[in-house]
């Protein structure tokens, strides 16, 4: 078994073991879960050591850690996994976020066994989506993420958890079934019929423009819901708010990336004509996401909801970068996926920290916390600044690259989108002001600062945020060859934009 | 007499049976309507056998089978009616209202 | 196959069938059912299906119609004899039936002018050969159906404690 | 000794100090860790002093550039490097000097504050960012440092965040400058799209290659957008609104950030990208007019407040306007020269004001008066600074202001006229401040008696600065040293274009100075504010306009309210429309199903009943039927299907 | 009597059924009292034996047709016979652990009826003659009417049975009428003549075909012939509900495939569109109504209607891929539906069948709740479970055949279905339990649950052997007239 398979299947193994542990031994369950998560991250880091991002001069996508085994030969379905510069950073991100969110989730006290069972199952699904190179496998993992997420929201969520869970489930399933149709359409229109994503990437020449448009739309429905692109975003605020903290982290940090990843991996690479046809709309949607998401966030009084809407805004940057259809834009988009995962993940953790203590997330309920919980305030402010795109922190580089890539292609939309930065800054600063600054409300005087578990969960993310911001090479070098290759594809379709 | 007349009678019988099955409030009434439908089919079979395929007896054989089937069904049906009548004291279809939705 | 035989039989069959489905008194319906079935038997005869005629009389008229009569008497309540027996959806049913007939008319129209070309012959012997030869398996199968029906009658007929009900 | 390669590491010294100070040791007023920051700054100062000296004396081989690859995207390698030219050397000196002095001064000023250590960490962090801003070689890095100084400004303004004032002011400062930064940001995008590089030297080469390689429209656009950023940072009209509020921060911070260094970053940005501005006359005009308007409005607004720091803040706005004006008028030298001298005397003024506030425990000049006796050191140094800023001959301000006015006159007499008038206003409000604070009689005897001279750790920096404020002009102007270091050859103009100005410019300025100084001293003489009150009573409209800061604040607040309303609208739209489309369509589906079921019942089934007229008799049955399992209705539907099939047959 | 030996499983099973009936007779009851407990096991054994015989007959190589062309023992028939017998075994097994409020006390008759029903279905799936099909159909109907009303003391049971019976008799009448027209067109009841007759006597054959669809649609619970389903399912003893929801439906679908997928392919009568329409109607109606159900048996009943709609896709496309998909989905459906009902029995034994009985099941018995979730998710078509593989195959057939509308409606339906499947999950996982004790699980229940779960998972994760089996099973015998 290759290392990639090991990374994917290890959490599954952990889940299976957890299922065998008696219900009344939560400590053991937690131990197994954390061990699985840590091991998984270590495996991913080990893989990083031998990961070959490829060279800039390549003429085809080069995948590392490829494994291809026959699975359902009757349908030409293979167990085919591999990682390239697009997917490998996301795999790393998933492993990391899973670990920190898992560590954070150690504070879950009810039904611990179930929690970690679903949690590890979810991680397998997330990892699998990014690693899969066969559509059947891809779809399998894609859907596999839904069910655990449904339970994680529904059982351990907030007051409206049931509604949030089913809304999430139905919404995303609604999108993904169309994706299934798209997959099947691709299968039947490729010669020879294949579900192999790598082969399909090379097969686009055989698809007519109309066909590509149609299939693109089918895929777009599935991917846009996940991204989430306006107007398919309405599941997100509810799901994020109701989900328990650790799950919100994965939801925002990784789940949303599935959509963006799919847009690049599938829509762009396999259906360039469809992508080109849709491009003007995509730009508008990106713009709406950016500005509308930010404005909606500005009106929120619930910190978590605000962060949730800010995710919509940030994924808008990501889509804007994609709409550039250039190496720079793609770099920005992919980096934005990573940085958004780190930053928003940290933000959700931090909101969870305060919620665990104060049992409220209303911005108006706080004030002057800066003097009682200085460490928390510091980290929170840092993360907020990262989220609003402060240079020197990770968010800036990706945002900047997105804009930089998009500007030559879409001047006006990009300029208008820049205003989103200001709105983002406005609501984050307002939140900091209302929560941490000003006179201290006496009822919060005894509020304890962050404890070790929380610090352990948050600090890695913060450190990476700073590290990538200062030295973007850390992330960019992994993805650059792939992204550059992608950005140079289809010069006849997108040459005019670049 | 052409085949058409027999078919016409059969069709009318079928439709009348159908009407009965659809409108009778009494289970037994419904059953009787269904019996009429069976008879319409049997009449068809006999007529086809006579007019179109006189060389064999397959049509009549099928009709015979259908009579047997009808008998079997009516036995089960009436037994059920009696059982229900015992427990519910009614044979009116609309009063079977425990199950709905 | 004279019209003099056909028309009265058809008339009796259809009119009594109409009576079956429209009369208020279930008892009358059941009696008319017997008449209607007998009319059908007559029509069989007019088609030269002698064995079928006999079977119809024996099984249907003699068996089924009688059985129904019994059950009507067993389950009937005196005060129900004059209750409206027709369901309130009858107009809808009429419309549906009309449409069905409209569809069947197409078939009837096709058969216009098709006349029998051969004379009738006794059918009992060929039927026997057919049933026990070619159709032996279905013939045996019908016994299973009847067995099942019998089991059903027993299961439903027995009172819950396994004894024959007193009523 | 070639110190140029050392410049790479210069910003990292205070950065390391900042991180160390922030993360190590225990927080408390007695912490010794901040000394680390002072040491780091001292090291920086030594280095930059040497560089400045070498630069002035022409021993340096400028410009000096060196870089390593920072990161790459696509095919572009983003360099991480330094570019040292004349303005950079000057700026380096100013920043490290003022920064060190403020560090030292803060030891006295912030003594006893519970977050003593954190304050110094922020301060060192600011110094690091500011040094970085000065030396970096590419515009993206420049933007990075630009934002970082913004953040440190945010942190330091909001240092006493328990009070609502600073909490609000820091946010306002950040957002207002961010608004300008958007322009800068878009400017960077336009620039990269047009030239494909962020590197200043490569850009300069590209621009020098002529309009075919860098079209003037792009240049104009980039310049205007950059100026928007500069306007935010350097508090130009209309984005100056944050600077007066920024005075909520500790006074040394105001001296360092909001007087001497950060606010000059905008000017520095224009100076650094001057070749782009030079290629776009339109942008130059814009800079000039915005500068002069800022100078005028700033000076006018400085006339009315009683808060000593507010006066200084408006004065800063006004002086920054002068610098911009000089740049817009085409004289890089004059702008940078004024920047340098202004840094000295304005920092001095703020630090002096800090001493006063420290002594009197109030910002309000109405409770001061006659402090010269209680705080002689402070008074003397402040007086020097006042004379310097108002253009007293042979003090530093005189040289730089003369340079500016000469340059402006060469550009347009109208500009010169406004600037000249503004200089008069400057003299007036500065002497008003001096009079109200130090001269005359005490208006609050209790405070006066308790006012103490600040400790040496605070006054020594004052004296150093006073020395510089007094003498730097003379030294730097000597033999055109500074002009040789910092110059930019405009096409058609030249470094010595100002020489063409008529001889009466100097005396005109001097005359105005005397008149304005006399007016101020006379108007505010005595121990009461009678004349002042009377004057305010005479011109209520003007005073109100000035006190409301010409309504710029109100305008922006209205904008904020507008965007809030928009946000509310969006959020409600999201809740009630977008979300509802999905949720309701789900509900609608189920409703439609129920309706179709009902349609059959009502129209098809019940309709039949109603047609018979037997509805009444069957009422009971009907009611029950509604509740039944409806076996015959089931059959009816089946029969309906049969009927449909029959029709289907007819169509064949 | 050529090929009578091919009927050996049916004959064996009938003989066993008749023997089992003796166990209930009053005369034998007393001496055989001790054997009363053994009777259900005997029934299981008989079914297993029959299955063995079926497997043997599968190896008969060349001429696979019965006497005079009445029935065919081709791979598809064998496949469905095995499914049917598997369902019977599972159901008989489940009955052992099923505890009724109104026990019936006729174990022999019960087993015999299930077996007779199985005989009917086995004959139906192989029938190539309408008469045989009608009789087999009738045998299935009569025995399932009785089984549905088997708890005759429970008014619900007999009420469900009478409704089932009335509609069943009605549809038999319609179907018989259709057969009479077919006879008119061909002079025979053998399907071998169908294609030729369809060309010469198109209206007659078409009418006949439509009327058969009514009858078979009733058995397969296609909309609009499905109305009996919820009532009969709710009233019947739960193992019988399981049985009814699987076996007769699959048998009827198999016969539909034989007739309309093989003997009378869509090209002849042009009914492909009709089947697509029926499929869409069936799945849409089943799913939408299922959303409002509060009784698990009813909910699963409507779900089984919807599932029939999915299965019908395979028939609507009319090609080999569709047929394979249909077979595969039938297999998956057997496993997952049986599993879901098994859990329903486990819970229902003590707490009844209302949704509220499932409150907090995850806390009471996590394993049971997870298993139920597994089956429900499989029914909803979530990977990597059996239902997904089946749906994948069917949707692929729809897309490959160009049935775009059908495909879109189908996928939307699978989204809708998630809503009500998840309602059960909501009760199991998100609600507080009424009482802490876990539902008691008998040995047979456990084993059938394990079997179903293993099957669902295996088919979902490694479907290759199943796909291969289905590919080789989707072969029908062509019978020359």
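Just so it is clear, A, B, C, D and E label the chains in written order, and each chain counts residues from 1 on its own.
Simple rule for what comes next: a contact is a pair of C-beta atoms (placed from the backbone, for glycine too) under 8 Å apart; a residue touches a chain by one contact, two chains touch by 3 or more.
A quick note: this is a predicted structure, and the numbers were derived from the prediction, not measured.
For the pairs B-C and B-D, the larger set of C-beta contacts lies at B-C. Of all chains, the one whose Cα centroid sits at the greatest distance from that of chain D is C. One inter-chain figure worth recording: chain B and chain D are separated by 93 Å, centre to centre, where each centre is the mean of the chain's CA atoms. Chain centres here are Cα averages; for chain A and chain D they lie 35 Å apart. Distance between chain centres (mean CA atoms), chain B to chain E: 26 Å. Centre-to-centre separation of chain C and chain D, using mean CA positions: 99 Å. Contacts with at least two other chains are made by residues 621, 625, 629, 631-633, 635-636, 639-640, 642, 645-646, 648-649 of chain D. Shown for chain E are the residues in touch with two or more other chains, namely 131, 135, 138, 142, 145-146, 149, 152-153, 158-159, 162-163, 166, 170, 174, 181, 203, 207, 231, 292.
The multi-chain contact residues of chain B, meaning those touching 2 or more other chains, are 14, 17-18, 21-23, 30-31, 42, 49, 52, 56, 58, 61, 65, 69, 72-73, 76, 80-81, 83, 93-94, 96, 98-100. The list of touching chain pairs reads A-D, A-E, B-C, B-D, B-E, C-D, C-E, D-E.
In the complex of the two chains, the chain E residues touching chain A come out as 362-363, 366, 370, 373, 377, 382-384, 388, 392, 395-396, 399-400, 407-408, 411-412, 414-415, 418-419, 422, 425-426, 429-430, 462-464, 467-468, 471. Put simply, chain D touches chain A in their complex at residues 27, 70-76, 140, 143-148, 151, 158, 161-164, 166-168, 170-171, 174-175, 178-179, 182, 185-186, 188-190, 192-193, 560, 563-564, 566-568, 570-572, 574, 578-579, 581-583, 586.
By the touch criterion given at the top, residues 621, 624-625, 627-632, 635-636, 639, 642 of chain D touch chain B in their complex.
Looking at the complex, you find that chain C touches chain D at residues 84, 87-93, 96-97, 99-100, 102-104, 106.
In the complex of the two chains, the chain A residues touching chain D come out as 56, 167, 170-171, 230-231, 233-235, 237, 292, 295-296, 298-300, 326-328, 331-332, 368, 370-371, 374, 385, 390-392, 396-397, 400-401, 403-404, 407-408, 414-415, 418-419, 421-423, 425-426, 429-430, 432-433, 436-440, 471-473, 476-477, 480, 483-484, 487.
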